[in-house]
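Structures for review follow.
You will see chain A twice below: alongside chain B first, and alongside chain C after that.
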Partner chain A sequence: MSEKEEKPKKKSRRDFLQNIGLVGVGSVFAGSAILAGIKYDKKKTPGARIKVLTAENELLEIDKNDTTKVKITKAEDLTLLQKEGREGIAGKRWVMVVDLSKCKNARKCMSACQNAHHLRPEQHHINVLKMQEGKNTAPFYMAKPCQHCDNPPCVAVCPVDATFKRPDGIVLIDNERCIGCRFCIAACPYSARVFNWATPVLEEEDKNKTYNVELNVPQRKGTISKCLFSADMLREGKMPYCVSACPNGVYYFGDENEDAVTNGTTKETVRLKKLLEENAGYRLMPELGTEPRVYYLPPKNRTAPFQEKDKSEAEEHLDNNKD
Partner chain B sequence: MFRKHHFIKISLTFLITTLFYLHSFAQNWDIPDDKKTKNANFKFTNQTISEGEAIYTKNCMSCHGNLGKDNSLKTLNPIPPDLASVKTQERTDGELFFIITTGRMLMPSFKVILSEEERWKLTSYIRSLNKKYVQIVSETNTSKSNLIKIKMDFDSLTNKLKVDVKANETSGVVSLKDAEVMLFVLRYFGKLQIDKTVRTNNEGIATFNFPKDLPGDKTGNVDLVVKVSDEIYGEVETQSKFKAGIPTDKPSLTEKRAIWNVLKKAPIWIIITYTSIVLIVGAVLLYIIYSLMKLRKLGNN
Partner chain C sequence: MLDQSKTDKITTDLLRPIRLNKAFVLWMGFLGISLVICLYAYTLQLKNGMVVTGLRDYVSWGMYISNFVFFVATSLIGMLISAVLGLSGAKWAAPLARIAEIIALAFAAVAGLVIISDMGHPERLMYVFIYGRIQSPIVWDITVVSVYVVISALLLYLPLIPDMKICYNKLEKIPKLNRWLYKILSLNWNGSLEQEKIIKNSTRILAILIIPVALAIHTVTSWLFASTSRVGWDSTIFGPYFVTGAFVSGSAAVIIAMFFYRKNFKLQDYITDLHFDKMGKLLVLVSLVYLYFNLNEFMVPAYKMKKFDAIHLNDLFAGSYALMFWAVQILGLVLPILLLLFRKMRKPLPITIIAIFVIVGAWFKRYIIVVPTQEHPYLPIQNVPLNFKIYSPTLTETLITIAPFILVLIIITLLSKLIPVIPVHESIHQNEETQNEN
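== the complex of A and B ==
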């Protein structure tokens, strides 16, 4: 023992300082290790754990520090889409003109519309009707979308504010709010609305898509669907699906405030007032006071005759006024 | 008997020949020779092809279908051909350009809707599936169009717009005589042509009558586009803002109080009736409770 006791006494100052240094470095390492340990332990305390609900509806507990906020794009942001859908496009008053003299029943508008809005084959946002108004009058084809009335009866009867009129004139439906009461179908004098009685066609493919109020996709069983004037396309400065799909130049679309409408086929832009004045433009059932935003030009000077095979269907309209 | 048959045969043959002639006549494009040999003054590249494709999708696809898929709209008369077909590809670039420019029968003219450059880009897309195609690039001087200077001047008193077209040649400033000038107003979906297409006079000036009732923005400004096309200098387009329209600031369509509008914009009579019904019913209920309490007090006494 005495030898051992003597040894430290023999240590020089250099040795002493050397040891101090070693101890110092060691304690720094040890300290930081302890600190890291405490930090790690802190993470594991139950207070920092949060509950999350997975897409599969499973409630999980997870450490808060392990979570990252999911960044969503505009197309995935339901709240933003709903807000934009209600606000519309400022300063616009959309208007459509249907020139009946050019319609040859190509039905391209209908297929383009059904593809865009994922509709079943029997559902129509736009429908080309075979019309005959009187016994001695000529039958004609008439494309009929939603009239986007300025005094919409369908909106007035909705009990849940699911269907609404936008400042730019478009009448839209928010399927997130729709309860499927079908009051609006009963109120619409133009039969413009359809109901999703059956499972929508692309339900599986659309399963994970965020609902876009301006496109009404994904369609949902038990809710209403109808023509939207392709509000999503208008936002991009493009014309509605039906308008640009027409091969016969039937449709004009534009902004009433600009007094200009553009033909979907020829892309020619003309003045709205002049077009309606020169061709005796009219609206459907004006006596109801619904103030439609869709104008029609009469079926005069037609380039193609009414097809023989469609005549019987057109004559069905005459049954009501037999005398 | 024989003669009668013969007569029918002859007349039938005559009829068929006439019809066939008329049919083939309908299929023919009357293209002037000098237009047939016209060529684009830039090389067709992947860039021009993809730009041409966008123009094709917007303007041509509804009738001609997808290029090379032979799915054009067969119900039309005459049937619009698939533009990748041999018959179309045998045409020269100038012929295709002429057809796009002028149109005929069901085919609309794209002279006003597409610029010359866009029409050539469209041609480049139509050529894109043809592996044998070799482009001939026009040797005309393309830089000539850079020399053109267009000056617009709007007179609000007479509502006339004067367009002055000059070219800064090295020899001095030259007025462009007899150049074709078109005036447009930009609208949301396209360009609205104002007045007719006019040609410049000897001083290089073209005058347009501007309509007095054309809506502009809130302050009456409209975006005007002038397109000048000249045989030598090519096509040039300029855009500028003028206070030529009527100031337009129409209220939104949901501004008015109406039964279909949101709660805040409900008609006054609905608000008054509804509130008074609620108040009256509430008051009646309170009165009943008050009376019952009074009755109880009376009973206790």
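== the complex of A and C ==
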């Protein structure tokens, strides 16, 4: 140790130059730091503070310069829509009542539905059928959407949770998940489901749209599509497409929890229980235990006669029957 | 000394087919070209969607699903011959065990591919594993079929280990790679008593294990249908009905394979008339059981003629499917049973012809089970084009349906050119035993 201390502290020219270099670099850093500090301070001008509402419903104040605009990218948006789509609309239990005595086979429901969901002409989320139960019983028109069963056979068999039952009663299909096995078609006793066998009609137009699981648009080749009770309209507080398109007052739609349904044509709101009780409302194939959420009022005192030209088609189902 | 020469003869005879010849190359070339044509059809389906098939919203399961059921069914024979007959000590079936296992493995492995051809989004197959829901019979099916493929492969491989050593020792003129493969696959087999014991025990465990798994694969496959409320599918006997039907088509497949091997591989001394006779009796037995289930499946609803049952049954018995239905029942089931009661009909050629009728009938039987009921749903089919109401398969769809058959033939051909189709080690062993008895 002592030896080292005794060594003369000579500074060479090279050392000197090195030190100058260090000082130089140091001052550049210091200078830029000061500049950055000034800039930062400039941002903090008072009055640019804004109020924001957090997801937890808390109102906060924050400097405007500290915020960045949230850009909703397609992926985020899709996740959000799918999350909402699975959660449903809190507190509701949607229910539909179809008054068969008023149906004149106008088919406005079918076209409104096909337009909204970008379906091909042969794809029906809702289909108006010409029905006849027996040789001596009267034929009638019967609109048939998905029955949104409380015990849905389609949901039970789906291997990937692509089709699901929401707490608000609606059965939806997520075509981002669907593998196209069509087990749900096999399982549905109401023939309520359709498949996109070919390229959807509006594929080009819908190319850049974010998939909305509550509308099932864009439709996608190789996946299932089905009636959604117009979940997207319900979220906006509106009636389903078919219900508001009907000119004849066939459809009532509403919330079972509120015991209130509204007629899509007359906008008259009535008690669900009372409506079903007074008109002897029933459901399709209750013996299968599917517990449909669609009720029918029998075709009694019909407002229009069953058209002559439709009689043979109604009888077809009967013919097979050899009744 | 006589013993040794006999052993040598057995080895030479059974290893003879393991070589490349012109017939093999031509056959594989034919299969390869056919497969390419069928795969081209599949690319059309991938590109244009399933609109290229005759399937539509009402009949949405058609030939692909019928084919899937047929493939799973035929694969069940491995379990019947190597497990049930093996465990019950039926010595005559021992030389046929490997043929049955080859058929089982080929059909079961390809069945998985058949189901993919029916998917609208085959690239999402992984979703079944990622998002799989335990409630869905499809998830059960995929699970048990995979397990069955694995056990079948092991059941084919384990008894093959000593044979691999024999192949390595005796086949010196084959390419190096093949010899190396035989050496690796023989797992240092030296024929010690301890090794014999390990193989025997593990084969036995697998043979026991495969019985419930095999019953499961076809029972679960039947539940794909029976778990719905559709007329004609909504049946409580579908599980055993499918399983017994499976043994019918599987036995027929084994008989056809036996005939082919015997003739082309010159195995007349090993696959004898006795084997055909016994297989004929087995086919009669399983067909009778299947006939009994058919009687139950059709007679019971036909007696009551409930509204929708009546529509369905009328279509089968006297309607648009009547010809197919009765051809399948009579030519594919009743007549074979009657004919095979005669000893002369159980000779190799006649029984093979009968087996071809049985197996073709078995395929159409699956079609009858799958398709017609979908043309009669509970609610009328209206406001759709005619091709939605009546299912007629397209050419593209037919080619895609043929592809799995070609694949199965390719697998069987390759396997029978790589491994002795009759167990060599076991044949030698049995030969020694009979000589000792004498």
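As a convention for this text, the second predicted complex is superposed on the first by the 248 of 323 C-alpha atoms of A that agree within 3 Å, B and C clash if a C-alpha of one lies under 4 Å from a C-alpha of the other, contacts with A are read in each partner's own complex, and residues count from 1 in each chain.
By definition in this document, contacts are C-beta pairs under 8 Å (C-beta built on N, C-alpha and C of every residue); 3 or more make two chains touch, one makes a residue touch a chain.
Being a predicted model, the structure only gives us computed values, none of them experimental.
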Open item on the list: Let's test your reading of the overlay: on chain A, do chain B and chain C clash or fit side by side?
Closed with: fit
TODO: Go through the superposed model and pick first if A:C181 touches only chain B, second if only chain C, both, or neither.
DONE: second
- [ ] Would you check which partner chain A:A36 touches, where first means chain B only, second means chain C only, and both and neither mean what they say?
- [x] neither
Task: Which superposed partner A:I20 touches (first chain B, second chain C, both, neither) - done: neither
Open item on the list: With both complexes overlaid on chain A, does A:D161 touch chain B (first), chain C (second), both or neither?
Closed with: both
Task: Touched partner set for A:H124, first chain B, second chain C, both or neither - done: second
Open item on the list: Between chain B and chain C, whom does A:V52 touch in the aligned arrangement: first, second, both, or neither?
Closed with: neither
TODO: Pick one for A:V28: touches chain B only (first), chain C only (second), both, or neither.
DONE: neither
Open item on the list: Minimum CA distance, chain B versus chain C, superposed model, integer angstrom?
Closed with: 5
- [ ] Would you tell me the residues on chain A in contact with chain B in one complex that are also in contact with chain C in the other?
- [x] 153, 156, 161
Task: Of chain B, residues touching chain A in the complex - done: 58-59, 62-63, 73, 75-76, 108-110, 112-113, 185, 187-193, 213-215, 248, 250, 252-255, 258-262
Task: Residues of chain A that touch chain C when the two form their complex - done: 110, 122-124, 127-131, 144, 153, 156-162, 177-183, 185-187, 189-191, 193-199, 221-223, 284-285, 288, 313-314, 316-317, 320-323
Task: Of all residues in chain C, those that touch chain A in their complex - done: 48-51, 53, 55-58, 60-61, 118-121, 124-125, 127-128, 130-133, 135-139, 224-225, 227-230, 307, 310-311, 314-315, 374, 376-385, 388
TODO: Spell out the part of chain A that touches chain B in their complex, as residue ranges.
DONE: 88, 90-93, 104, 106, 108, 150-153, 155-156, 161, 164-169, 237, 239, 244-249, 253-255, 257-262, 264-271
